[in-house]
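Residue numbering begins at 1 within each chain, and the chains themselves are lettered A, B and C in the order written.
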């Protein structure tokens, strides 16, 4: 069975959990949680595929994605009380999700014949845009506009996929190494509260 | 003349009115009202068609939709003082609009050969996403994330369309019954303040 | 070299600067500024092309646009302190950007065989939707929903492109005249604080 397919299903599941849990502080009902989970899970990949004119969309072509999302939403709703106490859970699921989608998004764009600059950007988009749309939906400031190194980690992983592919590294090895790079950058950034300089830092 | 075509024009008109009236409490000018009406009217159907790669978009292929929207916006602007006093007007127009688009969206996805799960989701998307985009545009918390049973009503109607079609029910009968289901669920939910459980209800 | 191509690159650059500068009051880091600049620059044109099913997207087909965007973002970051003091800079860059995209967007839609009503709307969308998405992203009320005559100026320019083309006016002359119309309307509107009537003005 293809590693990419398993990765995508697992990433989709992680994103659905993180999206459904994101409603935590707000007055949403269970349907709102499901809706937010769904949008978070499909948002990034869908935007990437619409931009690249790559149809049918993966979750429309293969119903497995829908069931991965339903499983994620159900997990979030059933274990909501436990998960919402563990503040790190949401963070962890989100980190695994963005790492998976960064490398898969970049690889997909390359396989569609895109230039490296576009492929790197598409990797990052696949990873972060689901969360950006989720935050716009919930009327919150997007996480990537204010947090510790986030989209930059995704961009780094996407670039590494492209570099390693050009160096002839075997595909599955490439995906795993690049995946680990994103996770590592993100964990280190959060652990040591690293962030990029702000534009008005000299004021 | 096709029932679906008339339904779509009427639904588009309802959505344009409801979108233009939604600026009520805000500092928008007449153009902003028109813009919001326009986005509300085309948003759901456009998103559905972009996701399904169904081009040209209906309102681009047939200019009748644009004129239905202009009529709706004009109605809202001309009768603004009266309509904004009747708090139920916006609710009523919105209800009729989502009911129409739920059934038509589901049917369109089926006719494009989509699986039932996807068709049900597309029916719901057609109905609620125009309003979701409207709320994101106006920087308000999306109605479907906090209100009484809303998107659930749309989803129910979309599912009924699919079930009845599989049972061989005649098309126009199917559309009307499913339309009435959405309207009924929504009216009953608002009348008796029914809502789905919230995720943090046990706190 | 084609006037349209130069115009598009310059407009893209202007939009990237204005988008990156838009983060001024907020807590974004340099990456957030770049991301916002990028979305602002590609948003309107991308939405237009997705709606018209015109693929590949211009910035994906020709990498020059990406570099125009990078140049704009770099300009904004390097000269941030100076530019943010000049409150008129953002306004000026935004005005030039919307004027360029209004006329180019309308012309592109016409060249794709669209009806005049659709072409006018696409011109306006190309111009304003990048900024609308930027504002939704930053969680601010969209500029076009509350400011002095803004999208109306874009719509006027887009309509003029169509009228002049039907009158047989030479293409480059047409583009320049229509461009100047948008700039003029916007400058006059801001200078004399002109705005369209608000819906609740009689209250």
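As a convention for this text, a contact is a pair of C-beta atoms (placed from the backbone, for glycine too) under 8 Å apart; a residue touches a chain by one contact, two chains touch by 3 or more.
Keep in mind that this is a model prediction, so the values were computed, not measured.
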If each protein chain is taken as a node and each touching pair as an edge, is the resulting graph a line, ring, star, complete or other? complete
For the homomeric pair subunit A and subunit B, should the interface be classed as same or different, according to whether the shared residue numbers exceed half of all numbers used? different
Between copies subunit A and subunit C, what's the superposition rotation on C-alpha atoms, in steps of 5 degrees? 120
For subunit A and subunit B, let me know how many angstrom lie between their CA-based centres, rounded off. 30
Multi-partner residues of subunit C (at least 2 other chains): 50, 136, 139
In the complex, subunit B residues that touch subunit C: 23-24, 26-33, 35-36, 46, 50, 55-57, 60, 63, 66, 77, 80-81, 84, 136-139
Of all residues in subunit C, those that touch subunit B in their complex: 50-53, 114-115, 117-118, 121, 132, 136, 139-142, 144-146, 149, 151-152, 195-200, 202
